[in-house]
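Each of the two complexes below includes subunit A, the first together with subunit B, the second together with subunit C.
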Partner chain A sequence: MHELLSYLPEFANALLVTLGISLAAAWVGLVLGFGLNALRLALPGFGVIYRLYVWLIRGTPFLAQLAVVYFGLPIIGLRLEAVEASILSLALYSGAYFAELFRSAWASVPNGQLEAARVHGISRTLVFWHVQAPQAMAFALPLLGNQVILTIKESAVTSIITVPELTMTAGRIVSTTFSYVLPYALLVLSYWLLTSTVAAVARTLGQRMTRHLRG
Partner chain B sequence: MSTLPLLELRGVGKSYGTHRVLSDFDLRVQAGEIVSLIGPSGSGKTTALRCMNFLERYDEGEVWIGGQLLGYSGIGRRESDRDSEAKVDEVRNPVSMVFQQFNLWPHMTVRENVMAPLVLGKRIAKPQARTLADQALARVGLSAKADAYPARLSGGQQQRVGIARALAVKPRLMLLDEPTSALDPELVEEVLQVIRSLADDGMTMVMVTHEMSFAAQISSQVVFMEAGRIVESGAPQPLFNTPETERLRQFLKPWFNRSLTPRTQVTP
Partner chain C sequence: MMSDFSSRLAMYGPALFEGALTTLWLCTIGMLLGFVLGVVLHLLANGRSRAGVAFTRVYVSFFRGTPMLAQLLLLFYLPSAVGLDVPPMVAAAAALALNTAAYQSQILSSGFSAIPKGQMEAASVFALGRFNTLVHIQLPQVLRLTLPALISELIDVIKVSAVVSVISITDLMRVSQQLVSQTYRPLEVYLVAGVFYLALTSLLSLLGTVLERRWQERN
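The block that comes next holds the complex of A and B.
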């Protein structure tokens, strides 16, 4: 019990760091992904850039992307703090996945609904916001929640550039105390607590948004 | 001298790559007319209909709506002559459409479905749009369902909402793409009744249909198509009673056999 209490303050701190980095990155990633999908729909020429971006991000491990941002950007004169580099790279990484989720969500709205809107004079922009977005967002919500969970878990990788988040903290405690079981158990529990909360929020919102679609 | 037709197609053609789905399609529709397109599946009826509001981009011929060329800025057309979407919307503004699969927006209530083209398309203020929507819903007998979501309605009711939506914009021409084909047999009649009442009010309509008796009763012009071409067209009575082509005779045969004695002679 005494051992547990001695770790708790550090863990609580680390949990906030993990939460902060993940949510900041997920938020930027969501906006980025939404924007990428919207641009793809609005500008025919943007599809190439979109596919290139998704291809690059999905084709490489997050660890490598983090290294490029943290160790590579200083070469062109952009030196970021470890936390900043973590948020930026995690946002770029999750942004590609969010964009793909939005793309599939938008594709889930049947084409006939778009035709009905277009032939009755509703512009493409208004179709995006009034016909596609409400249905696509209801469709996407559980998937988006899932991607936020993946982002939280992927943030563990930032421990290698000494961001004092959960994984790094647990590792440090282990290496100084040589106690393995309790720190790692706490680590697992902390992630589990974060991800379960996100899952519950997404589920509740999703149910609320799709109530009337179930007939 | 005839008045300017509401809709005119001249030599309209459409290909998907090397596959030709529509050739030399000519049609003149005067205000108040009802035209039925009939023919076997894959004969190009729906394609022809969809060319009439540029849902399908035709690549030969001309489509004129109220004296305005649809989709292109010139008749000797190149790809660069294609009109902007805003221009297409402007030209097809008097035309509305009813779809085989209804294509209602499931996240909107029935009333919101009917209001959306008015508010988002025609920029009519909400209170006025609401009044127009409620009138259209009353017209199809669905005032009681205005606040329901489409998923709660039967297929026949959903299609009647689709008709109300197409009606509320006060179109000069209504296109109907197999409006009863997705319905259970016992729900077909309620939809046909609504269409018949629109006809009685003088609504101009072009309709793709497999309901032969209905087409025979309601149409001023019937167009029989096969393999992307018009095989035979004309007033319903001669066309159904004394088809000129063997192909149309053959096509109508099952219908004559099924409808037994009373309807073998069409009496409008």
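The block that comes next holds the complex of A and C.
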């Protein structure tokens, strides 16, 4: 028990690092995903780039992507700190998943609405923001939380390039105290707590923001 | 320059191919064990025992709510704390199986619920027994109904399996790390490794599409 108390502050710190990296990356990934989907709708030629990007990111492990960014990019002159490389890779990674989420959200709005609006001479941009976006976002909202959870879970991999987040910290405590069970048990419990909390927050927010749809 | 690259590629190729085989082998074992566990979890979740229902709920929430890497570390080091020495390969396969079982139980339950109730009644009229009904009536149909989803789960398993490299299993990821430490060319080695992963996942997803299309035509 005494032992547990001695490294609890370290764990709390590491929890904040995990949360910070994941939320920063998820935020950038959200914007990236939204942008990719919007570009896909606006420019007919962009569809090929969009599909290529999603295929590359979703077809390879995050660890391989992180390795390319952190170990590979310095070769072409782009040297990033571990934390920067982690946020960048996580953002690029979650961006592809967010983009697909937005794509399915936009697909959930019947095409007839777009056609009707276009017949009335409403521009594509206005249709995007005022007809499709409000309905699509209501569809996407409950799913966004899942994506944030996915990002938090994937952030554990950044411990391999020595980002001082939860997994790395647990490993360091193990190697200094030689007790394996407690730090690693605490590690999975921390993640469990974190993802359950995010899930609960997302559920509450989702319900609150779509209240007008349930009458 | 280009011929240099192709000669290096000839050196990476066989090593990465070996690694890819290890990855594929490990994932297949994990996936199959996970399938059996997933069926058990599904049966527990829909069984009469209240403790069983609660257990599966916690199990699924735990394995879906924590990173694979953390699960792997716990599983690899926990037995050593009580004096057991678990080989990395066993720990990796077990971690993959336990992890994917949580996801597979969810996929399978949608398949189980799609089977008409009348079949179960007919089976019980013929006194077929729970086990025989499961193996000969339900599972063949469930497997076929959920195969596209199971294939995409296998793709996820392959991607998530990259973390087993941290417990020194010479999978695709570990082999590329070894190649990097020999050649000092991280960019091209990791990109080529990425192409190997891409080939694995793309072939599987193609297989899923083909199977789905063929069955749609037949129905």
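Brief remarks on what is shown
Methods note: the second predicted complex is superposed on the first by the 213 of 215 C-alpha atoms of A that agree within 3 Å, B and C clash if a C-alpha of one lies under 4 Å from a C-alpha of the other, contacts with A are read in each partner's own complex, and residues count from 1 in each chain.
One rule holds for everything that comes next: contacts are C-beta pairs under 8 Å (C-beta built on N, C-alpha and C of every residue); 3 or more make two chains touch, one makes a residue touch a chain.
Just so it is clear, the structure is predicted and the values come from calculations on it, not from any experiment.
Partners subunit B and subunit C, once the complexes are superposed on subunit A, both fit on it without clashing. Contacts of A:Tyr184 after superposition on the shared chain: subunit C is touched, whereas subunit B is not. Aligning the two complexes via chain A yields an angle of 100° at the C-alpha centre of subunit A, spanning the centres of subunit B and subunit C, rounded to a multiple of 10. Judged by the touch definition given at the top, the superposed model places A:Ala116 against subunit B, while subunit C stays out of reach. Applying the stated contact rule after C-alpha superposition, one finds that A:Gln135 touches subunit B and leaves subunit C untouched. Annotation for subunit A, partner touching more residues between subunit B and subunit C: C. Residue contacts after overlaying the shared chain place A:Leu126 against subunit B, while subunit C stays out of touching range. In the superposition on chain A, contact of A:Leu23 is made with neither subunit B nor subunit C.
For the pair subunit B and subunit C, the model built by superposing on chain A gives 22 Å as the shortest CA-CA distance. Of all the residues in subunit A, the ones that touch subunit B in their complex are 110, 112-113, 115-124, 126, 130-131, 134-135, 138, 212-215. Of all the residues in subunit C, the ones that touch subunit A in their complex are 61-62, 65-71, 73-74, 77-78, 80-81, 158-163, 165-166, 173, 176-177, 180, 185-188, 190-191, 193-194, 197-198, 201-202, 205. The part of subunit B that touches subunit A in the complex is made up of residues 53, 55, 85-86, 89, 92-93, 95-97, 99, 101, 103-107, 116-117, 120-122, 149, 151-152, 165-166, 169.
Subunit A makes touch with subunit C in their complex at residues 55-56, 58-65, 67-68, 71-76, 149, 152-157, 159-160, 166-167, 170-171, 174, 179-181, 184-185, 187-188, 191-192, 195-196, 199.
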